[in-house]
Amino acid sequence: MDYQAILDEIYEEIQPELKRGKVADYIPALAEVAQEQFAMTVTLEDGTVYSVGDAKKKFSIQSISKVFTFTLALDIYSTELYKRVGVEPSGNPFNSLVQLEYENGIPRNPFINAGAIAITDSLVSHYKDHYKTLEVIMNFVRELSGNPSLSFDPEVANSEMEYGDRNLSLAHLMKSFGNFENDVTNTVMTYFKHCSITMNTEELSRAFLFLAFAGKDPISGREFITCPKTKRINAVMLTCGHYDASGEFAFHVGLPAKSGVGGGIAAVVPGKMSIAVWSPALNRYGNSHAGTLALEKFTTKTGVSIF
Amino acid sequence: MDYQAILDEIYEEIQPELKRGKVADYIPALAEVAQEQFAMTVTLEDGTVYSVGDAKKKFSIQSISKVFTFTLALDIYSTELYKRVGVEPSGNPFNSLVQLEYENGIPRNPFINAGAIAITDSLVSHYKDHYKTLEVIMNFVRELSGNPSLSFDPEVANSEMEYGDRNLSLAHLMKSFGNFENDVTNTVMTYFKHCSITMNTEELSRAFLFLAFAGKDPISGREFITCPKTKRINAVMLTCGHYDASGEFAFHVGLPAKSGVGGGIAAVVPGKMSIAVWSPALNRYGNSHAGTLALEKFTTKTGVSIF
Amino acid sequence: MDYQAILDEIYEEIQPELKRGKVADYIPALAEVAQEQFAMTVTLEDGTVYSVGDAKKKFSIQSISKVFTFTLALDIYSTELYKRVGVEPSGNPFNSLVQLEYENGIPRNPFINAGAIAITDSLVSHYKDHYKTLEVIMNFVRELSGNPSLSFDPEVANSEMEYGDRNLSLAHLMKSFGNFENDVTNTVMTYFKHCSITMNTEELSRAFLFLAFAGKDPISGREFITCPKTKRINAVMLTCGHYDASGEFAFHVGLPAKSGVGGGIAAVVPGKMSIAVWSPALNRYGNSHAGTLALEKFTTKTGVSIF
Amino acid sequence: MDYQAILDEIYEEIQPELKRGKVADYIPALAEVAQEQFAMTVTLEDGTVYSVGDAKKKFSIQSISKVFTFTLALDIYSTELYKRVGVEPSGNPFNSLVQLEYENGIPRNPFINAGAIAITDSLVSHYKDHYKTLEVIMNFVRELSGNPSLSFDPEVANSEMEYGDRNLSLAHLMKSFGNFENDVTNTVMTYFKHCSITMNTEELSRAFLFLAFAGKDPISGREFITCPKTKRINAVMLTCGHYDASGEFAFHVGLPAKSGVGGGIAAVVPGKMSIAVWSPALNRYGNSHAGTLALEKFTTKTGVSIF
């Protein structure tokens, strides 16, 4: 299949859509990103890369980073992790406190904010301190992406913290239920830092390749996580990867994927490839408008789908 | 792969689990089913069938019937259907009114009770009367299963109606929001009737085969629904097929499937096979305890999974 | 104190407010009432009556009738009644199902719809049939008001039933929790009938006089209910009498009172008088806009208040 | 009326009840208070005081302090205050986040935790710093109680802060909605400090006397707040003074009152007297078990009630 031709076609077709949606504006550092940008990269088992658009342009991966921290925590804690975080779709907005209160401080899944903060907290407990934890996360993403100089944007992280009351509220609520082990402010700051990692679609696509191949990077041959755990990460991406529009996404795109408010989406086609797409304007659910459409076009044109 | 050997192995291993869980007891007609029963059937593309256990024993398919009515309604209404019923996981118990009230009478998905009743209502609107609607549903399931004499159990249907206040409450609530078109009592009765269809695992597995093959029965060659719509039905089964344990199911089993409180579960492996399993004792989420475990064992042993 | 002068003053001052608010329009029979109408009546211990405006004009008392049925049921069942209906403010809209579901079908108080329907159901259980129950209610209100020919408006009652799905939903939900004893449709119809009683402010004010005098009509000397029970009815009116604006009403008016969507409000000044006011346009909480203001003016001008 | 005889009678009758209920144990500093203690004081217009039990024994007034801060804030901000805090019963537990999230960070009333923290925040905004704010509050309570040496218990305040995550969560949630102006940690600490004020029933009864007399202390003649505002404070105490049992309390006791988890309750009989009662064991709603009963006995025996 001529993936480059398909990407080029999508790039053409998606142009009119770039004006639609709205760039995230809850923090100044994200609000100033220019709207009409688009990039898409496909990485195959043998490392072949197909790209269109601004595939070298860095963006804030935001919630996509939750897949990396979930992977690290699942590797460390295995089924023990589910005592602190569930794997059910929440049916509520990503930053809702309601369900967290009703369910005694146990977040529904690792991809809503409360769940991801609990995951970060579990990593801090394991690695003992915040600095070390962040270093482990950064090095993991660097190795996965093949770019040893990846970093996070401190301006974005600080901006998140400045407007971070909702997340601090979630963390204190979990702590009041006994589901939080470390200092709230520092842990939330560590969370904001890993959300502020900047990558381009080539790096991001590369970094997700192991999830398409049973946890083992098909190029380096290194196994990052076991096959059963990989399947579970993919299942959680499918059922919970797009906030309160996860069902819609599964329905229209049909691939395990994770989106971020920076406009990125990373997806996997098990056994075949990984895909990253980026366009900063979001739909009303907080997922990249053009990115979601581009992935839907890709699965329609190629016929790849897990269903 | 020797599917018969695998099924035999599962049958052995599952025996101690048959004592666990609890048969549905909200209506007398279901409560009297003997607990320690088990059946499992796999149907391949060419019609080859592998079974273990009581594969000829009929059971009440209950919510599994929602897949058949959703298929009929999606075929008739296409995307218009989503004005009345969503495709998002609900994150709430299957018979909850809370979300329905907050979301103005639009059920989250076609597999929670409110959604399935709205689907039945949409079929009654299309076929004009209740008798005709039920006939269409019955004939559809008869054709899919290859058994022209399939019927529903009127005793179960009447028992459901006698204890049907929660479902009547859901229907009246939808009507108060303008999302209900026909007589509440008759429509809910039609819904209870199709939920009371009795099938065995061989029939049920056969009836789901079209969903594993892009909407087209690979044996008869008949196309029941288009390929894109099939993928969407499978996506909704994966994200919403097991009430408030859909995430758990996707996580552990990794297949699109639908369960019923009669203890049945029907699953599809896209491009490969359909599977039906039955064991009447339910886990705390209302899904067959042994059935869920048997499917998890099957995917582990065979390596089939969509992830 | 010159009550007539005070009422006249209020009548003057209230005129510009009659254009504000909105007549209830959820059923046609109420929607056609002309907006700019107003009446107010004060009845003293010795039977002296002061009125302004259309004090002979009948209106639909709607939820005010819940005070009469609560009085009857409290007299019959005493504290047993609280097993079926609480006495707490709901903090939710009057027709909400959410709290009812979370609290297992026990309505918060007798003045939200679910609570009032449960009260009607308890009366039907006591009087054995619907016809007899309605007759008892009608005769009670006739005796209290001193008008033996009071009746309900069947057109309004039928119109309520036609748009009655929300209330039918509440009743079925209570039945599903075991908190409903009689036929749902007939009981809800009986409820709609007593809500459709028509009275004018002179009759309504007269009918509430016993609640200002410890349960005993100071004119006829007849005791309708004990003193402690009267205090409890007044307490529930104060905390729950105005749907989700009960706190606002207590705060601004400071009297036990009950409103109805027909635009009526009946209030009591314990030991002193009863007051009825009517103006059909409602504020956003469903309470008479001008009626609420008129009562606030009355308590400010006269200094009467329970606080 | 012989109030001393009535208090003595209540003291006798209440003895068996002192074993019931449970002392607050969410912080160690409160958990160690001995259970079987009781005190009750009535203060009349002319300063006459009647007491029984440990009326000189200090206890932590906790939420009763919210009446003092609400009085100060209402005096300063008048109706502007309602932009930040409502006056409706919440229908939810005192520390619930659910309603606060649904209602965009505006607490239902000044007596649930979120509302009281917002009130404290408004005082900090007015007095510019935390130290000054606390001083103003302390001096206000000292003047009202007639004891210039009243203080708060720093051990209790620190213990509250140590287990203060739920309240910090509420404050951050309000801040995320823009309804919080000062530093979260310091403001919540100031709130915990005023909750930790220790008083005995004689001081507390004396301190509430102004609320029984239209805002003016009948002994010193000093007006602390206007008459209309006093009525409003009393109305809010009646509808919201006892967490999620405010309706029950109004129903059984029939007086405006405010309780605290330290086991104190302060009540007013408008135009007549103020009452304070203390017994540390709480009922399941968090209100003093024996204290509530003692007040119910008092209103029954004396016939005082606002209804």
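Letters are used for the chains, namely A, B, C and D, taken in the order the chains are written, and counting of residues starts over at 1 for each.
Just so it is clear, contacts are C-beta pairs under 8 Å (C-beta built on N, C-alpha and C of every residue); 3 or more make two chains touch, one makes a residue touch a chain.
None of these values were measured; they are calculated from a predicted model.
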Task: Chains contacting each of subunit A and subunit B, listed by label - done: none
TODO: Compare the two sides of the subunit B and subunit C interface and say whether they are made mostly of the same residue numbers, over half shared, or of different ones.
DONE: same
Open item on the list: As a quick test, compute the distance in whole Å between the mean CA positions of subunit B and subunit C.
Closed with: 47
Open item on the list: Using mean CA coordinates as chain centres, what's the gap between subunit B and subunit D in Å?
Closed with: 55
Task: Sites on subunit D at which at least two other chains make contact - done: none
- [ ] Name the shape of the chain contact graph, picking from line, ring, star, complete and other.
- [x] ring
Open item on the list: What's the complete list of touching chain pairs for this entry?
Closed with: A-B, A-D, B-C, C-D
Open item on the list: Considering only the defined contacts, which subunit D positions touch subunit A in the complex?
Closed with: 96-98, 101-102, 163, 165-166, 168-173, 175-176, 180, 184
Open item on the list: Using the touch definition from the top, list the residues of subunit A that touch subunit B in their complex.
Closed with: 86-92, 99, 108-109, 228, 230-232, 234-236, 238-240, 244-248, 250-251, 254, 256, 270, 300, 305-307
